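I have a structure I would like to understand better, so I am pasting it below and will then ask my questions one at a time.
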Amino acid sequence: MSPELRDAQPVLAVGDTPGRPDRPASQLRELTLHGVSRAYGAHTALHPLDLTITGGEFIALLGPSGCGKTTALNCLAGLLPLTAGSIVLDGDRVDTLPPEKRGFGMVFQNYALFPHLTVRANVAFGLRMRGVGKAEIQRRVEDVLRLVRLSEHAGKHPGQLSGGQQQRVAIARAIVTEPKLVLMDEPLSNLDAALRLAMRGEIRRIHQEFGLTTVYVTHDQEEALSLADRLVVLRDGRVSQVGTPAELYEHPADPHVAAFMGYRNLLTLDVVSAGGGTAVAQGRGLRIVGTPARAVELAAGQRATVAIRPEDLRPAGPGEPTVGEAVAEIVEYHGRVLHVEARTRDGDRLYLNSGEAVHPGDVVGVAVDPDRALFFGADAEVVAQ
Amino acid sequence: MRPGAWLAWAALVFFAVNLAGVIGTVVLDSFSRRWFDSWVPDGYTSGWYSAAWKEFSLGRVLGTTVEVTLLVVGISLLVGVPAAYALARRDFPGKRAVTVLFVLPILVPPIAYGIPLATMLYKVHLAGTMAGVVAANLVPSIPFVIFTMTPFIEQIDARIEAAARVCGAGSGTVLVRILTPLLLPGMLAAGILVLVRTFGMFELTFLTSGPTSQTLVVTLFSAVNSAGIRSAQSVDAMAVVYTGSVAVLLLIALRFVNPTQLVARSTD
Amino acid sequence: MSTITAAPKLALRHRLAERGVDRTLLLVVPGVLALIALFCYPFLYGLQLSFQPTKGGALGAYRTFFSDPFQRKSIWATFSLAIPASLINVGASVPISYRMRRDFRGKRLILALLVVPISLGTVLTAEGILEFYGPAGWFNRTLHLLGLADSPVRLTMNYTGVLLSLIISGFPFAYLLTHSYLSGIHPSLEKAAATLGADRWNRFRHITFPLLLPGLMTTFCLTFVMAFAVFPSALMVGDPDGSTHVISIEAYEAALERFDYAAGCADAMIMTALMLLVIGVVAGLRSRLYRGATGGKG
């Protein structure tokens, strides 16, 4: 029995006694990645990554496929050796340890449940490997299965379970050993939309009830924003931005992060004036008053990328100054608002939300609040949407 | 490296060395003038090859071999592919029985059904003829085609055929324009595999062939078994010719199929 | 009237189609007929023939086989060759294919090396064994050179020779099958076991091996069938009148040397029955194991 298990307080007992609001303490104080990188021959999948994770945090690695997020996760798990850098866990280097010695739990994208073992045996596997006693194994497995609401399926094989159930077995198997760190590799990507929403809540609940420290890989910004305490946005193997959901949502560092965070309108225009926290840009039949993004210096005559969310772009009220005019082409009904896709006279596409009736073919004057239009320097290349 | 790895590599190297020795001795012997109690032969000659060619009339034997092999490949494809299609696409009463019928010839050793088959062929005066040899070789070949083709057919979405029909194609057009091009790689693989196997099929041909319908492998066996009057070198020369031709066939085959298909008789 | 008679006809056709019986099934007919004519009929004919020996009544041929110690022992000779050969081949292919899962330089070369014996054919293998392992062959010379043996070790014209030939021809076969079964097990399963604290040995013992076992049993069956039917090599490198007088030689000699068709067919039937028995036992064991998806792609 490894020391961390022997010393571990029975975390499950806390979940079992309702009414005790305090979250169980995390097994981990601090995990630090120093310049962790990974190359395949000449191709660098992950450029040096520095990150400090504190106990109890829920970190999401977010980015499009091929951005290096799964590489980073596998490096953390020990499934891929590092090309350079080190991983330090509470003062001890762990990057040279094989995966079985790191004591992390991992949930795989395809769940990787052992098809020949029952649900109970799947969950018990990690405890058996650590030499935990029979009675103890049984108690802890039953507890964790109750937590993921699978007690009545304990005797089944994974093949007999639905996708959502398999997913919960995978989570149960990863957390039953009370790991210092839980790694999740797009665990919801194989589920249908409704189940994905339900499981998202489930994962957050388990994270809190167990006092886990979690690193979660996903390409779905909504999933990342709703789950994580902090997000790490990756692109082409490099970190674009690290921050809380609110920081990323309100202050994306560059147009790419902005695009990922739902700024669907990205327009390249000429700056005509800047200063005092506002800037004005025009071109292609549009004129936009907006705010320079953080740490962006703008001067008149420069080109800039202007990022606006569809929900901030709206039909101009009577007498309100407009950004420009566009012809509505596609109107989608979404309950209280209409999602409108419109085209300017110069052929640029605008995405806006409207609270009033808009019909295809209507000419719409478009408006945006100045603090909702973010300006980025033109050196950042434009994201083609 | 761990001891397990060492052991595996040692086993592999031992196998390779022995294999090289087995092949090397035969090839070397076929080029040797005289080779008795020494590490290498006394002298070298290529005369055994021409001698073997004449002595065993290898030209005629090779002709027969090619003829038998191609006939078996053609007929087994013609019979096997449609059957594989029906088995892959339809669930019908008695399907299990039909499947068992196709599995048995692969499981039962060729000697065991070859002897009754040879006996029957004698009764109907087909023993020793080309037709008899071809018929005998069809027994394992048809199931082999069926089991090689089934995965190829299963991976073609049945909706493709439905789509073609919706677009107005009749059964004939579906067969010619849709199924045949899609199945061609599978048919090629199955055909090549049957080719290699029939070329090397000893037992069935041995039991059913006569002097005029012997294939290369049977001629070779007979030469060894009556080797008293012949020199070992000319037999070795013929063995090298045989192995060379199979190796060429295999190299061609491996361009179209993966190595496991060469041996896998059926999946389960 | 015609409409009334047409209706049930159509319904019958419809009902048959519901159960999968339609014109597509005609495609299977030529294959079934060919195998009935060339496999089932001869087999039944042989079975019937085996009950009509020239003397000794209906079971005469079988009684002769089991009462003659020389003939009876051919069963033992066959099993004592086939079972060790299949066990060695399957046993050796597990660690080797386990090593060969990763990609490394020279892997294609090794694969090619393993496919070579398939192209050798029985005769070249036999000749090679006779000459390489023979008393004056390179193998014995090497042993002598290394001081491992004073006089040549007899490895041919006996049991060992046949076993060697079964390994040379059977190992590639077993290896390639095992390799394909092993690559059908999804690599993430072992990774998952690693993150759960299983070391190399435990990953093999608890995950890979149980998932591989059904495939290994199939491999065993197929290599066993090959080894069980050993015929040319038992004649050429073995001791066909003694320790390697296997049942296929017995059957061949009865039918085509003594022209006793009844005895030959009886031997063939005994051979088939024994082989099906072994396959049945292994299949029975296999059905008690886990047999489902191995998380692989195919």
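Here the chain labels run A, B and C in written order, and each chain numbers its own residues starting at 1.
Keep this in mind: a contact is a pair of C-beta atoms (placed from the backbone, for glycine too) under 8 Å apart; a residue touches a chain by one contact, two chains touch by 3 or more.
From a predicted model like this one, the values you see are computed outputs, not experimental measurements.
Asker: Computing the C-alpha centre of each chain, which chain sits at the greatest distance from subunit C?
Answerer: Of all the other chains, the one whose centre lies farthest from subunit C is A.
Asker: Looking at B-C and A-C, which one has the bigger number of contacting C-beta pairs?
Answerer: B-C
Asker: Taking each chain's centre as the mean of its CA atoms, how far is subunit A from subunit B in angstrom?
Answerer: Here the centre of subunit B sits 56 Å away from the centre of subunit A.
Asker: Cα centroid separation between subunit B and subunit C, in whole Å?
Answerer: The computed centroid separation for subunit B versus subunit C comes out at 16 Å.
Asker: Just the number, please: Cα centre separation of subunit A and subunit C in whole Å.
Answerer: Once rounded, the distance between the two centres reads 54 Å.
Asker: Subunit C touches which residues of subunit A in the complex?
Answerer: Listed in rising order, the residues of subunit A that touch subunit C are 77-79, 98-106, 108, 110, 112-116, 125-126, 129-130, 157, 159, 173-174, 177, 183.
Asker: So in the complex, the part of subunit C that touches subunit A is made up of which residues?
Answerer: My answer: residues 186, 188-189, 191-199, 202, 206-207, 210-211, 290, 292-295.
Asker: Which subunit C residues qualify as touching subunit B in the complex?
Answerer: For subunit C paired with subunit B, touching residues are 19-22, 24-28, 30-32, 34-36, 38-43, 45-47, 49, 92, 95-96, 98-99, 110-111, 113-129, 131-132, 136-139, 141, 168, 171-173, 176-177, 179-180, 200, 218, 222, 225, 228-229, 231-232, 235-236, 248, 251-252, 255-256, 261, 264-265, 267-269, 271-272, 275-276, 279.
Asker: Write out the stretch or stretches of subunit B touching subunit C in their complex.
Answerer: Going by the criterion above, the answer is residues 2, 4-5, 7-9, 11-12, 15-16, 18-19, 21-26, 29, 36-37, 39, 78-80, 82-83, 85-87, 89-93, 95, 98, 101-102, 104-105, 107-113, 115-120, 135-136, 138-139, 142-143, 146, 200, 202-203, 206-207, 217, 220-221, 224-225, 232, 235-236, 239-240, 242-243, 246-247, 249-250, 254, 259-260, 262-265, 268.
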